[in-house]
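In what follows, chain A forms one complex with chain B and a second complex with chain C.
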Partner chain A sequence: MSTHDSSSADDGGLVQLLLPDGERIADAGYDKWVADVDDDQLKSLYEDMVVVRRIDTEATALQRQGELGLWPPLIGQEAAQIGSGRTLRQDDFVFASYRENGVAYCRGVEYTDLLRVWRGHTHSGWNPYDINMAPSQVIIGSQTLHATGYALGCQQDGVDTVAISYFGDGATSQGDPNEAMVFAASFQAPVIFFCQNNQWAISEPVGLQARAPIASRAPGFGIPSMRVDGNDVLAVMAATRIALDRARSGNGPTYIEAVTYRMGPHTTSDDPSRYVDVLEREGWQAKDPISRLEAYLQSRGLLTDEFTGRVNATADDVAAKVREGCLGLEPPEPLSVFDHVYSEPTSWLERQKDEYVQYLQTFEGGQ
Partner chain B sequence: MPVITYRQALNDTLRAELTRDENVFLIGEEIGQFEGSYKITAGLLDEFGPTRVRDTPIAEEGFVGAAIGAAMMGLRPVAEIMTINFSLIAMDQIVNHAAKIYGMFGGQTPVPMVIRTPGGGGQQLGATHSQNLEVWYAHVPGLKVVAPSTPADAKGLLTAAIRDDDPVIFLENLSLYNTKGEVPDGEQVTEIGKAAIAKEGTDITVIAYSRASVIAVETARKLEEEGISVEVVDLRSLRPLDRQTVCESVRKTSRAVVLEDDWLSYGVGAEISATVMEGAFDYLDAPVRRVAAAEVPLPYAKPMETAALPDAQDLTKVIREQLEATSFFR
Partner chain C sequence: MIKDFKLPDLGEGLTESEIVKWQIAVGDTVELNQVIAEVETAKAVVDLPSPFAGKVTALHEAAGATVQVGAPIVSFDVPAEAGADDSGDGTAAGSGADSEGGTPEAKPERQSVLVGYGPAAESDGRPKRRRRSGNGGGAGSAGVAPQATAEPTPESATKPTPESAPEDPAEATPAAASPAQAAPAAASSNSAASKPAERPRSTPPVRKMAKDLGVDLTRVTGTGRDRLITRADVQAFADTAAAPETPGAQAPRSGTAEREVRIPIKGVRKHTAAAMVRSAFTAPHVSEFLTVDVTPTMELLAKLKDSSAFAGYRLTPLTIVSKALMVALARNPSLNSRWDEENGEIVQMNYVNLGIAAATPRGLVVPNIKDAEQLSLTGLSTALTDLTETARAGKTSPENLSGGTISITNIGVFGIDAGTPILNPGEAAILAMGAVRKQPWEYQGEIALRQMMTLSLSFDHRLVDGEQGSKFLADVGAILAEPGMVLTMV
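On to the complex of A and B.
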């Protein structure tokens, strides 16, 4: 029983360059932003999407086999993540939630670093400054403010670096993303709010968070917004480039709602069959981001056996590396618990560390 | 007496109170269709419908604030915050509003609401999802804070909390949901502000609450086999605090240890130690000791998390030290 529709609005006003059947449609406003995307680039976008889906499948399998504690699948959201992630410059900075494994892939994350957190070893899988992406944020919506503050820093430094924050449809109900928009608008911060509306916040349909299209909120804050087909990698690229260009040229924030679908469970510990309607899922299956690009490649004669064979081999190779890397991950030294509580350890903490050493020693000698 | 889980006791009690009083309603994230992150509201949406089991947008400040307003007009909201960690987002509504409105509005507008939320570590959920923040709320006048450790008290205290005219923080614990115990049938109201002697003893008092109380009782049973008689005081309520029961027990045993899952500094144990100093100083044979969590953001890795949290081994060690220091073994 639910008092809410599962959709917040119809599909009107959606930016689309690739229809679900793979047909490329012209759009005077957006085409020029992807005019440079040639055949090779199309093929490499396809490859990235296939690879991140393969990483996802492998990680889910690893979780099922007890090698990962948890995994938040991105399946269905590859175009939203690869389309936006690939347009970022290396010095741009990403503040994401927990599902943006595809974005992390675009940033060049090491596979083992991607899994470290989900194997239950550490809070942060990578050095944020190595790939200019903050580690996963699970407190819903909070990273939008961090992105805004980072962008204010860029503004202050006079650099044309852009901060981008990824968050979900559920997060749009929290105070933080709304306050972030107020700040970004007031100070014209070079920040992009990238909302992946995957229709679900765990078991809650987007209709509970928003009765009007999510993208329609931003203009009320004085922030221009775009509502794009999040399963259309070209539309996502175009929208992100528009937003990046606006931010780099000093014209402030942009809000992008990428309308997509969470094809898998919320995380590996969720069973969506308890609340997702089969027909709804099937409807979205037909709009799959990968098969749509595949159809487009096919129509351009680019989907040769040689090409798909190579892509699948790459994906298998990456999956093997993911598995191998995962199995090789060892938990950190227990005493490292005390390492990063303060930038300089306090004497009180040192004392607790000593007690902890004594505690650990009680396990030696066969307790 | 039926033996049921802590989870079932909560579920049964919510059902009973929803049935008894039509002003009672549930509000929170994922509590309807999904039946709550920890399935405490299982079946209730089907039984009572979406007005009385209300799934909300993902906004803790939002639904807690709305619950306060509903309570002000006479309803009895029982809000579920997925875990105590997310209550930080609702902090202003809880501390500045739920706790203050009755007083600041001249005693005209009671705020009869309950916030149910689990705390606790041990599930490998990492630093932002494993905290024991009860002391933040126990510090605030105007709030009541209860923390049952057994299924029976879960039932009795939740019933009392829902019927109470003040805002009550009802602290659950992730590691207790599957624990089982005897729960009396029929109506049962446990008085808020009364500790329980969870196990009687004569040599030393262990003061604990929630998960820690379960560990304390188990430890006490083990030590009994060695001829050490441990009394366990289960606080059950952190505010109001039953100082009398604590002090009476310590006057009897002359030794006290606090077992708490929160961080040591400024924790519940600090308040208990001061209480014992004030109410049983002359009876003490040794300073009060505290066994608490390592003062670090709780680690993610299992062995590290286990080591950072207080456990039976830590407690046993301190009990022995305490007894040795006071010549018990001679």
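On to the complex of A and C.
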């Protein structure tokens, strides 16, 4: 939706339904898209956000303990991921980057499947067709092309399934998302470009690569866009539903820029204290997606001790399962690396495999 | 049940990390994921969460130690039921050969080799190979044998036994402690033989040409950009080789010595680099030079050395320069101040902690003499002698390495005249003393051979303007040119 009631925005067209202090503000254009969100749904959104943050801290700890090679934390982006992930239909298909563990959670991923890639055991943690979510894409931005292609397929099949692609602000400087937008607009593909602008492309601040709001680029491709407060779970839900509705009804792609903040490092190998201004981070801390929803629940009398206790217990339970599952993962056999390169063996690959077998035999206890 | 926490690879392919700070002590009871240490890798400073809940029974490394990935750093006493998986202890991570020694079937309790724990790094930073079953074992064990006796180093030589210094495991780890730590000693003894030379730089067509001509590219010196070996180089080499060999011309090319050596950035080198970068890019440096006829100072030194009052004291130009600096500082106090960014204040010190740059076997350190302005000439002499001897022995205490207010660097001992020294971080000025040389100079209206020294002063322009810096330098110079001038200054 390229136009909306600007009175609801404090930042030149930023859609907001929930202010950082938890105040719910009315918005004529967006309210109706979250009118069905009742107390129970609010509480369950809160629970999901708390749980994915807990998964994140546990996975980070596992990396620090040598159990994972790497982990890309999502802390600060829970509302953007849960708010959008929860609106998707089961047959919709997600093409995400490596940071969308919250979206994967919404898709019902097994915890161990979330981790095995980062333990170096496999190239893909899950069967994409089990949860309708492609393997995490580490190549920056290329999943936008995959999503657009999948959406074109849905269009050809005559189904109202939607493809959604998640990427970051850094990816918008890559060619792939721009090419994907050209094709998506040309064919009016049922695809959503969901950009989580977390302000940092590793150590490069977004302002260096985007002189104007990222959302303002899409109309140039002929794609309507929305710029929403990515730490406002209700605004994210509303925007995603608008985009889903447009795609399902045959009106083509939508671009959503969810303005959020990466509170942690780019990955566990990164040290943001070298480039992030402490004051900037504190400013975003005050806009935290979970504490904002917490304040809203409090104002509605929903934040009882019984409720928060139950949520925290659930989060701890999930964290324990994450740890247990991680420690229980069996490393793959070395030769299995050759198994899924091609659907059928090639002489070239067979030769490599033979050579690797011989190489392993040069070690004591080799195979 | 005792479980060891081995240092993981915290950042995709790192081989070591430095323990910055322990947040636990032996005897503490810790919870799962409780932060136990702050660790600095080449990439980041990170908190280390405990992988176990239990009681700390040992810390294997001291804060400040650089630890190889895979080396045990903490031992925990973990309640038995919590540790059903026996993977944490037992076989040392570094000795892959041992843990894989039997047949796979013979080890049903498979070791869950944690990420980053498999390859313990050798001194060259590469993962350690498992020992080959064939002919490789002999060479490997031969290389390991000599390490049982600790390689003599300046540090260990000054101590009666390695075990006598348990308070600093980073410096004098008993060599037999673990294979992972002992490896460097063995590797360094035969590093030239075991380390492959850098691959010659060339392009594929040139490599083909060399192959066709039977030229070994490792013997060819490249003349192209970045020592790239060109077609002409290969042709020239082939031509020379075809001609009768002239041993003299050939010798320099034939060596298989490494063209580059990679040295890990750590310890004093690392701290020096950080301090210099911080200083150079924080304090706007100004440097000034003054060449002084120090003949009167040298004459004074000669007199003092002969006098009974100074017998037994080591008096050098540095002693006089230090004293002159105290006098000049009292007249130009802004040179002895500090920029306090946090509080928006300039702190002017009414004491002088005189830093002296000392080149030691471990690298550059700048220990300082506390309250140096209160010392007499003999007091300064004693303090300077103590300071340099302590520094060279590597025993300077941390408090003497911090809190300096101004520094002197004696580049003259290297035969150098002048330079633009970089400020010791937090200090307003640093004075470099050049070498004392006999040079023709104007003296009483004639040209005479005089003993000359150039003083180089760098100061922080945030704190000191050209006027104060110049006056200070002129004062020091005036004293060295005529020590009696002190009478007009105090």
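Keep this in mind: the second predicted complex is superposed on the first by the 353 of 367 C-alpha atoms of A that agree within 3 Å, B and C clash if a C-alpha of one lies under 4 Å from a C-alpha of the other, contacts with A are read in each partner's own complex, and residues count from 1 in each chain.
Please note the rule applied: a residue touches a chain if its C-beta (ideal position, glycine included) is under 8 Å from a C-beta of that chain, and two chains touch if they have at least 3 such contacts.
What you are looking at is a predicted structure, and each value in this text was computed from that prediction instead of being measured.
> Sticking to the clash and touch definitions up top, decide whether chain B and chain C on chain A clash or fit.
After superposition on chain A, which the two structures share, chain B runs into chain C.
> Between chain B (first) and chain C (second), which, if any, makes contact with A:65: first, second, both or neither?
A:65 sits against chain C, while chain B stays out of touch.
> Counting only touches as set out at the top, which of chain B and chain C does A:337 meet: first, second, both, neither?
first
> Decide which partner touches more residues of chain A, taking chain B and chain C as the two options.
B
> Contact-wise, after the overlay, does A:49 reach chain B, chain C, both or neither (first, second, both, neither)?
It touches nothing on chain B or chain C.
> Just to be sure I read the superposition right, which of the two partners does A:349 touch: chain B = first, chain C = second, or both, or neither?
Once the two structures are laid over each other on A, A:349 reaches chain B alone.
> For A:269, using the defined touch cut-off, is the partner it touches chain B, chain C, both, or neither? Pick first, second, both or neither.
Once the two structures are laid over each other on A, A:269 reaches chain C alone.
> Tell me the contact category for A:120 with respect to chain B and chain C: first, second, both or neither.
both
> Just checking: does A:327 make contact with chain B only, chain C only, both, or neither of them? Give me first, second, both or neither.
The answer is second: A:327 touches chain C but not chain B.
> With both structures aligned on chain A, tell me which stretch of chain B collides with chain C: 8-16, 62-70, 98-106 or 188-196.
That would be 188-196, the one stretch with clashes.
> Can you pull the chain A residues that chain B and chain C both touch?
Common interface on chain A, chain B vs chain C: 69, 120, 274, 331, 362.
> Which part of chain C faces chain A closely enough to touch in the complex?
Residues of chain C touching chain A: 5-12, 33, 43-51, 85, 97, 100-104, 112-117, 130-134.
> Sort out for me which residues of chain A touch chain B in the complex.
Touch residues, chain A against chain B: 1-3, 69, 117, 120-123, 138-141, 170-171, 173-175, 201-204, 208-209, 274-275, 331-332, 334, 336-338, 341, 348-349, 352, 356, 359-360, 362.
> Applying the document's contact rule, which stretches of chain A touch chain C when the two form their complex?
Result: residues 58, 61, 63-70, 119-120, 265, 268-271, 273-274, 327, 331, 362-367 of chain A touch chain C.
> In the complex of these two chains, what residues of chain B are touching chain A?
29-30, 32-34, 45-46, 49-50, 55-59, 61-62, 85-86, 89, 124, 126-129, 265, 294-297, 299-304, 307-308, 313-314
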